[in-house]
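Labels run A, B, C and D following the written order; every chain starts at residue 1.
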Amino acid sequence: MSSNTDFVLSIEDLTVSFDGFKAVDKLNLYVDKNEIRVVIGPNGAGKTTVLDLICGKTRATSGSIKFKDLELTRMSEHQIVRAGVGRKFQNPSIYENLTVFENLEISYPKGRSVFGALAFKRTAEVVARVEEIAREIMLDEFLGTEAGLLSHGQKQWLEIGMLLIQDPELLMLDEPVAGMSARERELTGQLLRRICTNRSVLVIEHDMEFVKNIAHKVTVLHQGKILKEGSMEMVQSDPKVIEVYLGH
Amino acid sequence: MQAFAGVSLFSVFVLMALGLAIIFGQMGVINMAHGEFLTIGAYSTVMMSMLAEKFMPEFLPYYFIFAILVAFVVAFSIGYLVEFLMIRHLYRRPLDTLLATWGLSLIMQQIFRSAFGAREVSATLPDWLMGSWQPVEGVDIPLNGLFVLGLTILLSLAVFIFLFKSRWGLKVRATTQNRLMAGAVGISTPMVDRVTFALGCGIAGVAGAAFTTIASTGPTSGSLYIVDTFLVVVFGGAGSLLGTFASAFSIAQAQSVMEFFMSGSMAKVLTLLAVIIILMIRPEGLFSVKVRK
Amino acid sequence: MYFLDKARDALKRKRLVAALGASMLLGAVSTVSAATLPTAQVNTTGLAITDSTVKVGILHSTTGTMAISETGSVEAEKLAIDQINAMGGILGRKIEIIQEDGASDWPTFAEKAKKLLEKDQVAAVFGCWTSASRKAVLPVFENDNGLLYYPTFYEGLEESKNVFYTGQEATQQILAGLDWASKELGAKTFYLVGSDYIWPRTSMKIARKHIENVLKGTVVGEEYYPLGSTQFGSLINKIKLKKPDLVFGAVVGGSNVAWFKQLNAAGLTFKKQPMLTISVTEDEVLGIGGENVEGLYSSMMYFQSLDLPGNKKFVDAFKTKWGADSVIGDVTESGYLGPWLWLRAVEAAKSFDVDKVVAASPGIEWEDSPHGYLKVDKNHHLWMKTRIGEWQKDGQVKIVYESDVIKPDPFPAGYQ
Amino acid sequence: MQVAMNKLFGGREGLVGLAILAALIFIIMPLTFDIFRLNLVGKYLTYAFVAIGLVLCWGYGGILSLGQGMFFGLGGYCMAMFLKLESSSPESTKIQSTPGIPDFMDWNQLTALPWFWEPFHSLSFSLVAVIAVPCIFAFIISVAMFKRRVGGVYFAIITQAIALILTILIIGQQGYTGGINGITDLRTLKGWDIRTDEAKYVLYFLNGALLIGCILVGRLIITSKLGRLLLAMRDREDRVRFSGYDVSSFKVFVFCVGAMMSAIGGAMFTLQVGFMSPSFVGIVPSIEMVIFAAVGGRMSLIGAVYGALIVNFAKTFFSESFPALWLFLMGGLFIAVVMLFPNGLAGIYTSYIKPRIDAWIQGRRGGGNLTPTVPAEPQDPVSPRTAERTPASAASRSLAAGIQSEPSRS
């Protein structure tokens, strides 16, 4: 057990099956403190399912997911979030009818209970924190804008900001740069590097340039199992990985 | 004997639920006026019976078969019209559909009342539908019950073949599973929707015709069944025809067995309660497929 | 067809007025002109009465589930009022009807009753059908000192100064019927079946006491089904199992139809399984179909086929006004009594004041009402005969038994 | 203080709207109507409690309950039980075989008061029960449903079925409940005759005050973070969940609030009308109450009150003049509101009337202190933005809360 505590996240023997189809099969995965880990793999490899399992959206058939000392498989989604796991969805999931400010404010980790929310006040502290995060995600000029009017890239940033304001220890991002322009991609890369201090980040990404840019370590998933794990160079030169990607 | 009481309740439930299973289960439309389509079928049958009596009494023994067809056609056409005028504008707002169709049911009830009067009416049954069949002494199987059961089986088979064996059924299933894609491969999805909805209504009409053999027809007859019917479909797992049968069977048997041991009111309360509690434990209903959500 | 009927009605109504003159001499009612009795004298409580008119209310459900049942009562009440007007009205004043719809909803009944009494200041109200609607309006009538003629057989247990009950209370309908069944059919075992609400439950309670304490029989089953139920398979099986000498039924409304159709289909013809009901009148049979009730017994004070001079006139007038196809049930006839009893009381009191009308009512007799002799008791219910009718295929009954005139007893000692 | 004012009254516009409503209830209607009509208005206003509750649950929370009649009924029954016991003193019921119990129990051969009736001898217990019983009931239903993520249409159907069960139960257990007749003939409250004109005036004003109170509570909720969360949940339930909120507990809360408001309405109904019957518990009245909210505008608390008033006035008027027409009209209203005016009167006000008033005020700026003279239905503080977008958001809501019991990732 002592080894587990060194990791922020340790997944052991994780399996989930849908009607007999094993989307994730006896998976073992460990993420270090302050590590940026990128998960890659072909379509249907089970990448998103792994994120779903960690954040409690999908229930595991067997196996364990430990976040520090907490067993996540038995916790409900909001408890997992409160424990310090944040998750960004593949498509930007923000409140399009609220302003950027309100989006961030709702994500501010105070007043999370029913009566807490009733009594919640917009104090100077809240405003300061929202503005700080907005600067971080380059949206400080859009605080009053309705979120639905932002560009696709800005929406992705906003969702990252909504996670940041909660200051999670483990941040999970599902394809954060999909659909972004080259310039936005670059900015997002910088943003990720800025924010990964003091927290671990688990990223799913297809864009190899981007992965190379940010990853400390890369995990290749294939058919619900780990195919290869290691540095980007190592993974890229692995014949099995090449075969899977090129389809031979 | 008692088993047949359950079976005949089962056929009633299936008849009611079949149309709704298509409309609600396959299309996801909440049609609160479903009961009124049933009433349309029942009134059509009553009209046919009166016409037969007035103009060709010698035809009386056979009119019922035609009445079923007429009931289907009338309910189908009205369903077609309703879909065109109302439902198609509301596909993306199920809760609103619920309210609008409730309004429709009020209007239809008042139309029945104005056209046929507030009193209950009854179709004259051909003689071959009256009385009972005695396989052994002391056991009477009601003929009308048998008839309804037979009709239920026929209709279920027809629906099954339609949905799963015919080309049109394939289009319906394709549309419900992926509307965009279905449209992209050249299926006219609005047309599919309209016909599917009308078909569900038509089946309700047939159910209404069948009901005239066991109950009477009044402006509000249909609305009595609506909650039961929805529960049957939901309990079975919306989208699964097999589930609808299973749930109709289990609810019918449970209710008729309990009726045997306690008062009708309590049996009904306990059955509904059991259904709701099971639904709370298993919200997706009896039959449903686990998929990656 | 209903539209057609209505059009026909309109034509007939014209002829009716002429026909009425001859057939209207129901009892020796003295006609008094307004001149001899000025309004100030006959109306000291501010009712809506002028020298030539008097307003009354009709309060029934014309929409909703109860419309089925209440339509007949409205028709009968309107017929009686038309006839009274054709005779010259009441104390020389024509009756004007204000009709309100209770919409099968009890609070609406209370609201409309209030409107009739407080806004329209009607001199009397003919209406209500279900007990629930009567219970809802009762405080209104007592509070505003209104006058209600209630036209339905009901469970009894009520006696209000402001209400006259022109139908039977439970004992009048039940006891004579059970006595007859015990004597004529030799019934010893009984199965009680009813819809689940107060009237059947109270009636069955009285029936059970009578069976157990007076007839020394046994009740082998007692069942209630929710209003509107249409599935009676299990109940029919239970009856088949217990084989009672008599099924005593009080199933109402749409359930009735399903109940008899299914009984019949299950092979329980009334020859094999005698059954006596207190809830089936000609109105119900219209929906059930005569072929499904052939051989069934009903216990009522009135049947359309009663061979009485008063009834002949009533049936003729009713058919002239509402169409030859109309049928008249017990409750419809009770509705017809209301305006006539009010007329007699008003003429006796020479006043429309509710207190005076109420005071003049007890003791009023009517020899040739459609169901024969009747008398208003001090408890505001009617003395009347009870008949047992056996249903025929054509939807009418053959009267098989007629009781003596029975005193109304809304709070029967020993039956509570 | 300024913040609190804004929260409660929704700024100047909200305050004006509330003031107009209050003036209508407390001044205009008592002056124009006699006590008969006023009592009717009082009755209609009790439905407005339910409609306000529905605005919170349905408009904001996205939870459509077709069983609000249950809570209205339960609240009403709790009140009626107290009043019935008071009017069933041993002296006034001495002709019964068991004096001192309600008359319908005596008819059903009960010889003693059932245990659950006993505490209703106490007024304070009864008043607590009026709120607590429906609230506990709502809590049980909603916890069971929302923890299992049953939502949208399924929730609507199941609440409907529960309403049906409760109706059958109340009718069937007539010895304990009064059956289909309900609990009737209620006379006094602590010796105070509730049937007199004077009492009716007092009850009317009490009713109005409670209604305004409920609107203020509703405002407090929708202007708080909780209100924003409800809206956020309605559109993106998953995001709220993955921001660390226990979504079900918020739904449970708002559903219970709706139930409590309905219950207060029910209790006030009993007091003003003088009886309570199972005909309020069932499906039909429950759906009618939804239409009150829909006509007023499902996002507007004040609109709900106007919705209840207007629909009921129309009902009374049409059923007096054209009884057969009423159901056509009611049915047509359902369809028209849903298809043409999804935001009800409040929506019509914001898109058609408000711009004119604004223009008018603009035009006469400097012309003095102006308030609109017509009793219009101003928007609630959060609504202007939400109101305009509802047709679209209704779609996304239904997708989020829709057919699947769990949110789907598409």
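The rule is short, and it goes like this: contacts are C-beta pairs under 8 Å (C-beta built on N, C-alpha and C of every residue); 3 or more make two chains touch, one makes a residue touch a chain.
Every value quoted in this text rests on a predicted model; they were computed, and no experiment measured them.
Visitor: Using the touch definition up top, find the fewest steps from chain B to chain C.
Guide: 1
Visitor: Comparing the two chain pairs, does B-D have more C-beta contacts than C-D, or is it the other way round?
Guide: Output for the comparison: B-D.
Visitor: As a test of understanding: of all chains, whose mean C-alpha position lies farthest from that of chain B?
Guide: A
Visitor: Rounded to the nearest whole Å, what is the centre-to-centre distance of chain C and chain D, using the mean of the C-alpha atoms as each centre?
Guide: Taking the average C-alpha coordinate of chain C and of chain D, the gap between them is 38 Å.
Visitor: Between chain B and chain D, tell me the centre distance in angstrom, where each centre is the average of that chain's C-alpha atoms.
Guide: Distance between chain centres, rounded to whole Å: 33 Å.
Visitor: Please report how many Å separate the Cα centroid of chain A from that of chain D, as a whole number.
Guide: 43
Visitor: Could you tell me the distance, in whole angstrom, between the mean C-alpha positions of chain A and chain C?
Guide: Whole-Å distance between the two chain centres: 75.
Visitor: Where in chain B do residues touch two or more of the other chains?
Guide: Touching at least two other chains: 110, 113-114, 263, 265, 268, 293.
Visitor: Please list all residues of chain C that touch 2 or more other chains.
Guide: In chain C, the residues touching two or more other chains are 62-63, 196, 224, 226.
Visitor: Chain A: which residues touch two or more other chains?
Guide: 57, in rising order.
Visitor: Within their complex, state which residues of chain B touch chain D.
Guide: On the chain B side, the touching residues are 28, 30, 86, 89-90, 92-100, 102-110, 113-114, 227, 230-231, 234, 238, 263, 265-266, 268-269, 272-273, 275-276, 279-281, 283-284, 293.
Visitor: Along chain D, where are the residues that touch chain C in the complex?
Guide: Where chain D meets chain C, its residues are 36, 39-40, 43, 95, 97, 103-104, 106-109, 168, 171-172, 174, 179-182, 184-185, 195, 273-275, 277, 279-280, 316, 319-320, 323-324, 326-327.
Visitor: Touching chain B in the complex: which residues of chain D?
Guide: 58, 64, 66, 144-145, 148-150, 152-154, 156-158, 160-162, 164-165, 168-169, 171-172, 283, 287, 290-291, 294, 324, 327-328, 330-335, 337-339, 342, 394-395, 398-399, 402-409
Visitor: Quick check: in the complex, which residue numbers of chain C touch chain D?
Guide: So the residues of chain C in touch with chain D come to 62-63, 100-101, 103, 105-108, 110-111, 114-115, 118-119, 130-132, 135-136, 138-139, 143, 155, 157, 196-198, 201-202, 205, 224, 226-227, 411, 416.
Visitor: Touching chain D in the complex: which residues of chain A?
Guide: Where chain A meets chain D, its residues are 48, 52, 55, 57, 76-78, 81-82, 86-87, 89-90, 93-98, 102, 105-107, 109, 111-114, 117-120, 146, 162, 166.
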